[in-house]
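Take a look at the structures below.
In the two complexes that follow, chain A is the common piece, with chain B as its partner first and chain C second.
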Partner chain A sequence: MNGPRKPAGRAAILATQAAFIAIVLMVWYLATTRWGVSRILLPNPIAVWHALVSVLWTGEYLPDLRVTLFELAIAFAISATSGVVIGYFVSRSSYRVRVFEPLFAAMYAVPLILLIPLYVLWFGLGPASKIALGATISFFPVVLNTVTGFSHVDRALVTAARSMGASDYHLFRFVLLPAAFPVILAGMRLGFTVALLSIIGSEVLASLAGLGHHIVELSENMEPARMFAYVGFVVAIAALLNFAVSRLEAWVRRS
Partner chain B sequence: MSAADIWRSPMLARLRLIVVVFIIWEIAGRWLVDPLFFAPASRVAEDLPTMFGTAGVPGAIAITLTELVAAFALAVAAGLSIGRAVGLNDFARRAFMPIILFLYGMPQVTILPIFVLLFGIGPACKIAFGFTHGVFPIIVTVVAGVQNIKPILRTSARAMGASGWQELRYVVFPHLVPSLFTGMRLGMTGVLIGVLLAELYVSTAGIGLFTTQFAQNFQPSLLLGLIATLATIAIVLNEAMRRLETHFSRWRD
Partner chain C sequence: MIPAISIRNVSHRFGAEGQARNVRALLDTSLDVARGELLCLIGPSGCGKSTLLNVVGGLLAPTTGSVEVLGEPVAGPRPRDIAFVFQEHALFPWNTVRENVDLGMRFQGVAAAERAGRAQRAIEAVGLKEFADHFPGQLSGGMRQRAALARALSLQTDILLMDEPFGALDEQTRMILGEDLSVLLAATKKTIVFVTHSLGEAVFLADRVAVFSARPGTIKTVIAVDEPHPRKPAFVMSEKFTKLRNQLYAQLHEEIRKTVSAESAPPATPGALS
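Let's look at the complex of A and B:
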């Protein structure tokens, strides 16, 4: 309500948020100690905390983290390269844009996670199927943004550069690329997030190693406290990676 | 339009492209790839009746559709009421939006095993997981929609003696409709991902059971047929939401 009422102070807001989190933790604690919720369903928060410390301390996450990051790096390299190259090729004629863009957009709206049984059949349970899925799913935001970026460059700029005698290379390097770059970067950031999500997802669904796989393993071994701790760890890693990528995007955009 | 123009229309060009993809699929399936892992398009089409005839498959598709509808209905109801409550109050919005955005951005697939522990391996787990995927985009767009209402409209409705309900019905709701439908479209995408993820993770009667079964028995034509059927369902649902969205945002222009 932007009306006459004075906007609430920051302190009150922070206090409400803290209270909300405290209530959640309190209910969680009481549920496990007083109300007799099974330890298998909901582990004690203190046990989870100890498990988290031990997960971080022993470094048991390192092999899984390495697998997931490896899959992510390859998948993203594939989708970013192919997305930008194909997107550039499509964007060079408005006819091709009209032909291809609706196709890409339609594919992007399909829950492509459906492909995982097929990819596991083709590429096995190892990293290859995760890389394939991550690359497939993240290809679409990259290609769509590349097409948008390149095809919305101001016509006047292109004509001006041409009439001043710019070669194809010069036109690309000094007019098209700088104009399209921010949009492409945004597509790449989106692609990165989607690739990370689909790789962890496919590790949860069917795999032999990786962060997602370890969560499932702990859950099947009935180690709920460790699983909760590991979930927290993976969520933090994902947030960290996404944060790093958006900082990188902002940095590249400035320079 | 001359014949050449019609031939060059983007629509036809797209169709030709799709036909080319099907031809490549057919050639690869017939001669290039091991038939244990891949089937030509014609075989997939031929085996569609076998796929639907496999005991349990029609039921599994029906269960999955029910899960989608239930999760979506719950997500819309909860998203609308939470979004309205949070969006109409400045304090609540500023206090709770960061928490909601954090939950929205969280990779929820990491907590899928917890959902299975809590809700079991039946439909309840799929509905719950679809719900948590669908509800956040709806909350966020509803909050944004409520925000866009000019305060003067609500103040004047009040000044003219509108009751709380009347204000909601005649001022807030009409302004909310376009963003609600945008939220519903995004929510539908989320619900599809959530339900399908949970189905593929573990399933006793839904489609996840059969994707696993067809893959393990090396029946690629049945697997491809089932995946194509599900993709069609997803495309139809997404497209329906997109049509509704454009239809209901028209009053503004």
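Let's look at the complex of A and C:
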């Protein structure tokens, strides 16, 4: 039996996390310097650090970052708009909800990344196929949450609004939209995340430019240190974007 | 003088005949409510009290029969004549008390310039001045019902329909709210139909109490409470109150028994429950 435990403080948790990362870095360092792991397979962490500094310093990432962000922005604009519009249309009839909600849910469960070869065939290797994939995949969380948000509005509120003489516009603007908004927003955040993932993923698989493309290029050119630096850079960019979107969501929710 | 509300042979059935979820909620009910009168509807659960209220308010079209409000047949919501207070307050959770009151008037079509003053007066009337800019989630159950009442009062309708407005509140809160309501309504001269489960509440508030039979409900009897408004708390202690309450209980008891025995058979032997 375990004795009663005190909840660990925040500082203790942070310290343990830092220690874990330090150990990983240490093992990584020892593997490349002492244990004879090939530098082609696993570059030295210090070399990676130097590569990262050089990448950031020269700004050589900018053209690829611009391509990826451009694809992301267009893809997300398409999926957010179409997801909300189609979701609202579906939610207005319980028949349509029963027809389309399971369909959308089932389609979202399919690994949609499988569409890449098809989209490359249709739209080519350039940004268009990335945008199409990102928009397709991120459409589903947006549309599903929009349907849920609009079709689960408390009936009592709708009845109350109608009893006070609310028009269709009033009902949408002051009852349905505010009720559904937080749910739609959560769907958009999720959609943004999966759009980013699928765009970078598809750049890795088949592309002409973008951050994912550049990583593959470095790998094929046998520049592991630079490749690792780029992976770290992309992870940081993705984390930053997701953080920004979460903050934006929290801010919109409050106001 | 034409009555404020005139209910003629109203029956209602949920679901079509032969369907599994077909329920006869209301059977051939007729009743007049005079202008300025406060009528309480009381009866066993599922007897159709709320159904009747929704029919009167135009939220539900009856299967047969008709309702006239202020001399005109009801064929849908009548926001200029009728305001509702619902059991679950139905306040918009994303709006403050003030915004909720304002929104009701906006739906009703009151000009923007007029709304702020009317909202303030309604909020003060129900004693929520200090809480006007709070959200419903920040208020107690009793305060939420006060806010819902303020929203209904601000609409300045002749008729107020209240569907178990204090049903979800504790006994003490509903006592205080009942007293305040009596004072408030005595000043407004509104015609009110008030659905309740509580015998004491019915006697305390009503000019007349209509007792419903078990489902399918119809009005079994109407008991008059001859006591001027606003009612004083002392009225509750009076012999008259007790007598009326007992009279109501006798009428209601039989119907409640019918409802309960329809839902579950009584224990077969006296020893079965021990």
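As a convention for this text, the second predicted complex is superposed on the first by the 243 of 255 C-alpha atoms of A that agree within 3 Å, B and C clash if a C-alpha of one lies under 4 Å from a C-alpha of the other, contacts with A are read in each partner's own complex, and residues count from 1 in each chain.
Just so we're on the same page, contacts are C-beta pairs under 8 Å (C-beta built on N, C-alpha and C of every residue); 3 or more make two chains touch, one makes a residue touch a chain.
Keep in mind that what you see is a predicted model, and the values were worked out from it rather than measured.
Q: Contacts for A:95 in the overlay, against chain B (first) and chain C (second): which applies, first, second, both or neither?
A: first
Q: I'd like to know which partner A:174 touches here: chain B for first, chain C for second, both or neither.
A: Only chain C; A:174 stays clear of chain B.
Q: Mind working out whether A:248 is in touch with chain B, chain C, both or neither, as first, second, both or neither?
A: Neither: A:248 stays clear of chain B and chain C.
Q: Of chain B and chain C, which one touches more residues of chain A?
A: Looking at chain B versus chain C, the one contacting more residues of chain A is B.
Q: Using the superposition on chain A described above, determine whether A:227 touches chain B (first), chain C (second), both, or neither.
A: A:227 contacts chain B only, not chain C.
Q: Once the structures are superposed on A, label A:160 by its partner contacts, choosing first (chain B), second (chain C), both or neither.
A: Second partner only, chain C.
Q: Determine, under the contact definition given at the top, whether A:20 touches first (chain B), second (chain C), both, or neither.
A: first
Q: Quick one: in the complex, what on chain B touches chain A?
A: Residues of chain B touching chain A: 8, 10, 13-14, 17, 37-38, 88-91, 94-96, 98-99, 105-107, 109-114, 116-118, 151, 155, 189, 192-193, 196-197, 200-201, 211-212, 214-215, 218, 220, 223-224, 227, 230-231, 234-235, 238.
Q: Quick check on the complex: what are the chain A residues that touch chain B?
A: Touch list, chain A to chain B: 1-3, 5, 7-8, 12-13, 16-17, 20, 40-41, 95, 98-99, 102-103, 106, 109-111, 113-118, 120-122, 196-197, 200-201, 204-205, 212, 215-216, 219-220, 224, 227-228, 231, 234-235, 238-239, 242.
Q: Inside the complex, what are the residues of chain A that reach chain C?
A: Within the complex, chain A touches chain C at residues 154, 156-157, 159-167, 170, 174-175, 178-179.
Q: So in the complex, the part of chain C that touches chain A is made up of which residues?
A: 57, 59, 77, 79-80, 82-84, 86, 88, 90, 92, 94-95, 103-104, 106-109, 151, 155
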